[in-house]
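Presented sequentially are two complexes of subunit A, the first with subunit B as partner and the second with subunit C.
Here is the complex of A and B:
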């Protein structure tokens, strides 16, 4: 979950999110490299009275500052594509869950074994218990087994929404008439929060997502209880 | 009586000399910034995740969270 004065990402809860974090570090390092170089050169140019008034061409430096950025871009593209393909690897899910976006709540369907479906509305601020998180808590959480690959099929019953869980590195648009697939694998148990990420009307900010990653036994007991 | 003659000062190539020195300094500085980030932030982060998962017991963690009342339902 997000915390006050946060600067970076939430702690990674899936291998893909870890890879994304490392990739972000790599790219930010390149950003600092270029920005510090440009800042230094800027200050250099502003702090001299020396001039060169007869410059006609500069073939060598032009070659360097064409080739070097091209190399930098390749160094960014290769790890990026590696992660992109990693996200799409064949993964044999243990479970498939459908997340349907509505105005303004999510509904979930677990239809692999039995027929289980429920709605997940945000808990209004005035109904929160002490210790609960404002604008993030829901009445029915999405309980899932940890350490197992799960297929999420995301769609919408009305307008565009987006199903997001930042600590798992997941975001997929919920498009009416379309199924978008996301793979979910959590390495740790716990409660993970997300919020709708596509503007969908007046209560767009008030339809959060809460995942409870638990042991398989807890998940099975919960799904029997929810029937 | 002749006054002492000063040596002729460097009149040419001043900008080139400045640029040569500072371009090298700029590259060293920017590579230094990048390495500072890499070894100050990126590598410690990778190590932190590796160390965390070396001895991590997810089931034990779940039991502790369950006892603390983190989850919604009373069941096991």
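Here is the complex of A and C:
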């Protein structure tokens, strides 16, 4: 879950997010080494009185600092493209849920079997119960079964929004007149939070997303209760 | 109990991750798999190479350049194989986990993985 002053990722809840975290580690190591090299060169430059004011060309070093960055970029691009295509794989979803963005709340529709739709508004700070998270709790959570691939269709009724759940590695723009698809698979039960990620007006910061991943039995009971 | 209470009063301590230690403010060597191992071996290699170079040539500046070069190459040389093995281990762990789950779920049913194997062996004999 998110906590104050957090800098890193939340714990991964989906296989895609795990892959993204490992890609991040890979890229960060490369960035760390390049930064160390630049720091060293900086220190070298600053600690010498020698100058060479008549440099005309430097073919060898020019070759090195063209080829080497190209190789580094290829080393970063290959895992990146692998994950990009992995994110677009469709795994025969068991369920389709539509998330519609409004100013300033989300509405969800579960229309595979019966008509279930509800709005999800943020719980105002003054109405929070002790232990609840400020600006993240909602009145109606999105309850979904865990360990099953679920298709999310995201769109908007008015302006641009973006449906995000960081711990699942999901972010998709909600564009009016367009359906964007995301596939969601949670490896463990729990409550996962996200916030609208596309500026959409005065209450853009106050339309969170809460997913409650649980067993299929719980999900079935919940959907009966919600109708 | 006070120690336990103090740990659980900090949400960032709820994760099983160790206290982060970030080199240059970015690379968390405690929690990134293979990072600590790679940086340590890279540093060790760079110190040995730089000392050796200095002992043979008595050139301080060039020895420092050797240290940085060996550090970068050594770290990368440890990093890539370690990450590759880690990824292979992760895949094996997922297969084992799935196998254990299937064994527990389907024990004594016609879908029991062990029953299928025994059936195959008796067909072959």
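What we mean here is this: the second predicted complex is superposed on the first by the 225 of 227 C-alpha atoms of A that agree within 3 Å, B and C clash if a C-alpha of one lies under 4 Å from a C-alpha of the other, contacts with A are read in each partner's own complex, and residues count from 1 in each chain.
Note that in this section contacts are C-beta pairs under 8 Å (C-beta built on N, C-alpha and C of every residue); 3 or more make two chains touch, one makes a residue touch a chain.
Since this is a predicted model, take the numbers as computed values, not measurements.
Once the complexes are laid over each other on subunit A, subunit B and subunit C cannot both fit and instead clash. Of the two partner chains placed by superposition, subunit B and subunit C are both touched by A:22. Legend: residue contacts after superposition of the two complexes on their common chain; A:36 is shown touching both subunit B and subunit C. Judged by the number of subunit A residues each one touches, B leads among subunit B and subunit C.
Look at A:214: by the touch rule set out above, it reaches subunit B but stays clear of subunit C.
Using the contact criterion defined above for the overlaid structures, shared-chain residue A:6 touches subunit C, although it does not reach subunit B.
When the two structures are aligned on the shared chain, A:146 is found in touch with subunit B, with no touch to subunit C.
Of the two partner chains placed around the shared chain by superposition, subunit B is the only one that A:50 touches, whereas subunit C remains out of contact. Contacts of A:225 after superposition: subunit B is touched, whereas subunit C is not reached. By the touch criterion defined above, A:189 reaches subunit B but does not reach subunit C. Overlaid on A, the two complexes show subunit B and subunit C touching the same residues of subunit A, namely 22, 25-26, 28-29, 32-33, 36-37, 40, 44.
Those residues of subunit A that touch subunit B in the shared complex are 12, 18, 21-22, 25-26, 28-30, 32-34, 36-37, 40-41, 44, 48, 50-52, 141, 143, 146-147, 187-191, 212, 214-215, 217-218, 221-222, 225.
Note for the complex: subunit B touches subunit A at residues 14-16, 18, 22-23, 25-27, 29-31, 33-34, 37-38, 41-42, 45-46, 49, 53, 56, 58-59, 61-62, 65-66, 70-73, 75-76.
Note for the complex: subunit A touches subunit C at residues 1, 3-6, 8, 11, 22, 25-26, 28-29, 31-33, 35-37, 39-40, 44. On the subunit C side of its complex with subunit A, the touching residues are 10-12, 14-15, 20, 23-24, 26-28, 32-33, 35, 38, 61, 64, 68, 71-72, 75-76, 79, 83, 87.
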